[in-house]
């Protein structure tokens, strides 16, 4: 067992342990690590956004390539600074309006195509299917999607005869889906935890498995 | 205290003890690896047996399209498949479409040199990184040595002994794309659908779900998904090493981590059972 | 007058830009392609400057907390680490082996990975505490989780057909439920986008 | 010897050139090289002559039957000629093709069905919004989650401990965040009547400024502007796990009686809801992030699933326009289900209609 002598490994180990202490209870060590994390993340964000987003997308085209059209997005972007002064902070709504307009405008056709059309298209029964299993799966998918949609139907009370059973099937499938994704994520989360513990045992404390 | 009270009390343990049990439950197998025998699941078996039954001297492309963030799950797969090919006299051609994969792939080949005494450019080839993604995949369909003028270490591909009989996908038995994203699908679309070379995927557990449709459509011959598949493959390769009584100790990261993972997951199942028994008994008492 | 700037113009902007961007999808003409490229360029430029608001709120929040005795040390740490990271990033550069990159790899990644790995603990206590057979839905949820958790362990491989069952659950019933939700959410997203463009949804201009 | 014979294949039929789509940038060239020659070709070139006189040579993959040239200009015309070589010597040369112009269309007919769907949905929306504006009665079935929201507020009032309300981890253009902000307005008004403190840590700076306005306005509408405490509605951080750790720690410190998780979430959802549950707080969640729903369903007292979040925001804010939107979505859902059933039934009798979409 030979403990690592690399300062960075020690820093990683101490920070890892500080976060793990939160499992016991909230304590100053955890709060220190939490605030360190928040500070570093915001600082990291500022540098990365400046270097990878602001500099190439605003500074270079406007001030180096002198494309004057960029004055408009630049001035709109400057309006965000008004959020520091409450009286004129309403001006952030101008750049927001541009972003919202572009975002909403782009999303309408794309969302209809990918979310609504594609998903329902692949649930429609399209025989012939190669074998019985494919038939059953296609039927379950077809009935399943429709019953989930009926569950999310708000214009008829759920206690109507036909609707009651279908939405029950829908809720059953929803719960089955949630259980499945919960179960599937357990493996992924545990691999992460095992990875952290393996780092502490192996890299930091140098305990070689016997 | 009757048995019932015991179970009710058992279902009300404080959260902190649960965390302690989990912590201990994971540390023990990491330090004292139980090395459970890993029985191969169907998807992994398809890939393993495909390689196992290839004739000596055939070629397999192993594309390390992953980065350090998914290394814990995907890297052990790459190392295991490299060793498996060399043990079967099959020549793995390493490459990567992502810059970050190169360093990891080199490490896998160095381990093969250490454990199996593999010789570069005779038992394996490592071509390194080439930018372009789909364009590279297409190019390999035409002329591998045209796309990769030199290998990762600078040797001219035309002079590499192992690459003499290789021109394009027609001389490649299988391509495996190791990735944490959807790059294997690009391989399936460009390499399999267009050139007919067989493709397999080696991916993280979480992203496995998105590949099932492609497997059903027959575009992948099989898939290695998550830490479990890595452990199964690693275990199978280590068995071959034992048969050949090769003394060098291979890395057993995936097996050790998967054993700890399995114990953790079994503990959760235990908690669900205990939680319910206690809940069930206490409800009946009211 | 102020009403004009505070509400009217933003709503007009969102309406005009929204309509143009929606129609642009259906027009293959190169000018529509240019409109699309310019809109992306502008949204990248503007959103890159939106981050300055995060800095302002962050600094305002933590400087205020410096006055409060029991929060002061923590907020000091936050501000100092923020300033240090910014200076290191701008002075030392963000190259592969820069101090900035070292701090990211050796401080931020472990902090994030460890916080992420807490989830394994929380899942265990959630499974223990909440997975109770309380009604049909909770039971269905629990049994499916049970099967999938067990199916994805090493021992799961020894139970015949276990892997096929897990794969089937993920590929069929789970897919049906996800599709149902996604279609519903899709309709919701389209409805909201239409409301924003037509100025019906006004919360973002203060209702 | 064979190669010399091949040389006879000179000046044979020109390639066919047409504009494949309306982008005004592309021309597709169909190369009808005889198959016998195909195997010998090592390099295949396309000569392109533009109406402005510019001449270019494009080297293309030898086995291609058609090639699509792009980045062209719809204002100019282009013509093409094929040159095929076998190990350096010319074995096939076609005549120049006719001049062709990449057509630039103003409407892509292929997307007409999608355009119709979009228009129909917008009309349905406007119709129901008009109905709502003329406050015609629009029936919406009761949602169990709503009683849970009001109950949860009542619990915090009884225990005299604060409510923590989170609007999710996405921006203002995300529908889940907008729904969350609508519900925040209702929760603040109701909590304000009993002077119950509400803490709103925000993840996104834009959402933070809007949330601040909404809380301030909610308090003024119930005649209690004094209750607004600017420190309780604040921007915490925009790092995913820094935020989760911060809010989780705050729940433990404040021992909040009620936690609301509305909006869109990522993997940090379980840290929030499980820590909240450990403090014994009542928790109501509402999200359309499919991956996180399982965790909320397991750890919260009540969870609004997907669209229930949108419907809840319509109910709670009693905004006729929101109710109108839910009715419009319902009608669209009904039409969609009908189409799915019809197309499925028809395809059972192998009549496969796609309406250009399905």
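First chain written, first letter: the chains are A, B, C and D, and each begins at residue 1.
Throughout what follows, a contact is a pair of C-beta atoms (placed from the backbone, for glycine too) under 8 Å apart; a residue touches a chain by one contact, two chains touch by 3 or more.
These figures come from a predicted structure and were not determined experimentally.
Peer 1: If every chain is reduced to the average of its C-alpha atoms, which one ends up farthest from subunit A?
Peer 2: If we average the C-alpha coordinates per chain, B ends up farthest from subunit A.
Peer 1: So which chain ends up closest to the centre of the protein, judged by Cα positions averaged per chain?
Peer 2: Given all protein C-alpha atoms shown, the central chain works out to be A.
Peer 1: Quick one: report the Å distance separating subunit A from subunit C, using the average Cα coordinate of each chain.
Peer 2: 4
Peer 1: Measuring centre to centre with CA averages, how many angstrom lie between subunit C and subunit D?
Peer 2: Distance between chain centres, rounded to whole Å: 13 Å.
Peer 1: Just give me the whole-number Å value for how far the CA centre of subunit B lies from that of subunit D.
Peer 2: The mean C-alpha positions of subunit B and subunit D differ by 33 Å.
Peer 1: Give me the residues of subunit B that touch two or more other chains.
Peer 2: Only 15, 19, 22, 205, 209, 226, 228, 261, 264-265, 268 qualify.
Peer 1: Counting only residues that touch at least 2 other chains, which ones in subunit D make the list?
Peer 2: 111, 114, 118, 121, 172-173, 205-206, 209, 236-239, 241, 245, 278, 290, 293-295, 297-298, 305-307, 333, 336
Peer 1: Where in subunit A do residues touch at least two different other chains?
Peer 2: 19, 22-23, 31, 34, 37-38, 41-42, 45, 83, 92, 96, 99-100, 103-104, 107-109, 112, 116, 120, 123, 145-146, 149, 152, 174-175, 178-179, 181-182, 184-187, 190, 193, 195
Peer 1: Name, in rising order, each residue of subunit A that touches subunit C in their complex.
Peer 2: Counting only subunit A, the residues touching subunit C are 8-9, 11-12, 15-16, 19-20, 22-23, 31-51, 53-54, 57-58, 61, 69-70, 72-74, 76-78, 80-81, 83-84, 90-112, 114-116, 119-120, 122-123, 137, 140-141, 143-149, 151-152, 170-187, 189-190, 192-193, 195-196, 199.
Peer 1: Show me the residue ranges of subunit B that touch subunit A in the complex, using the header's touch definition.
Peer 2: Result: residues 16, 19, 22-23, 26-27, 30-33, 72-73, 204-206, 209, 226-228, 252-253, 256-257, 260-261, 264-265, 268 of subunit B touch subunit A.
Peer 1: Okay, in this complex, where on subunit C does subunit B touch?
Peer 2: Subunit C residues touching subunit B: 120-121, 123-125, 127-129, 131-134, 142, 145-146, 149-150, 152-155, 157-158, 163-164, 167, 170-171.
Peer 1: Spell out the residues on subunit C that touch subunit D in their complex, using ranges where they run on.
Peer 2: Answer in residue numbers: 22, 25-30, 33, 50-51, 53-54, 56-58, 61, 64, 111-112, 115-116, 118-119, 122-123, 125-127, 129-131, 141, 145, 178, 181-185, 187-196, 198, 200-201, 203-204, 206-207.
Peer 1: Residues of subunit A touching subunit B in their complex?
Peer 2: For this pair, the touching residues of subunit A are 23-24, 184-188, 190-191, 193-195, 197-198, 201-202, 207, 209-210.
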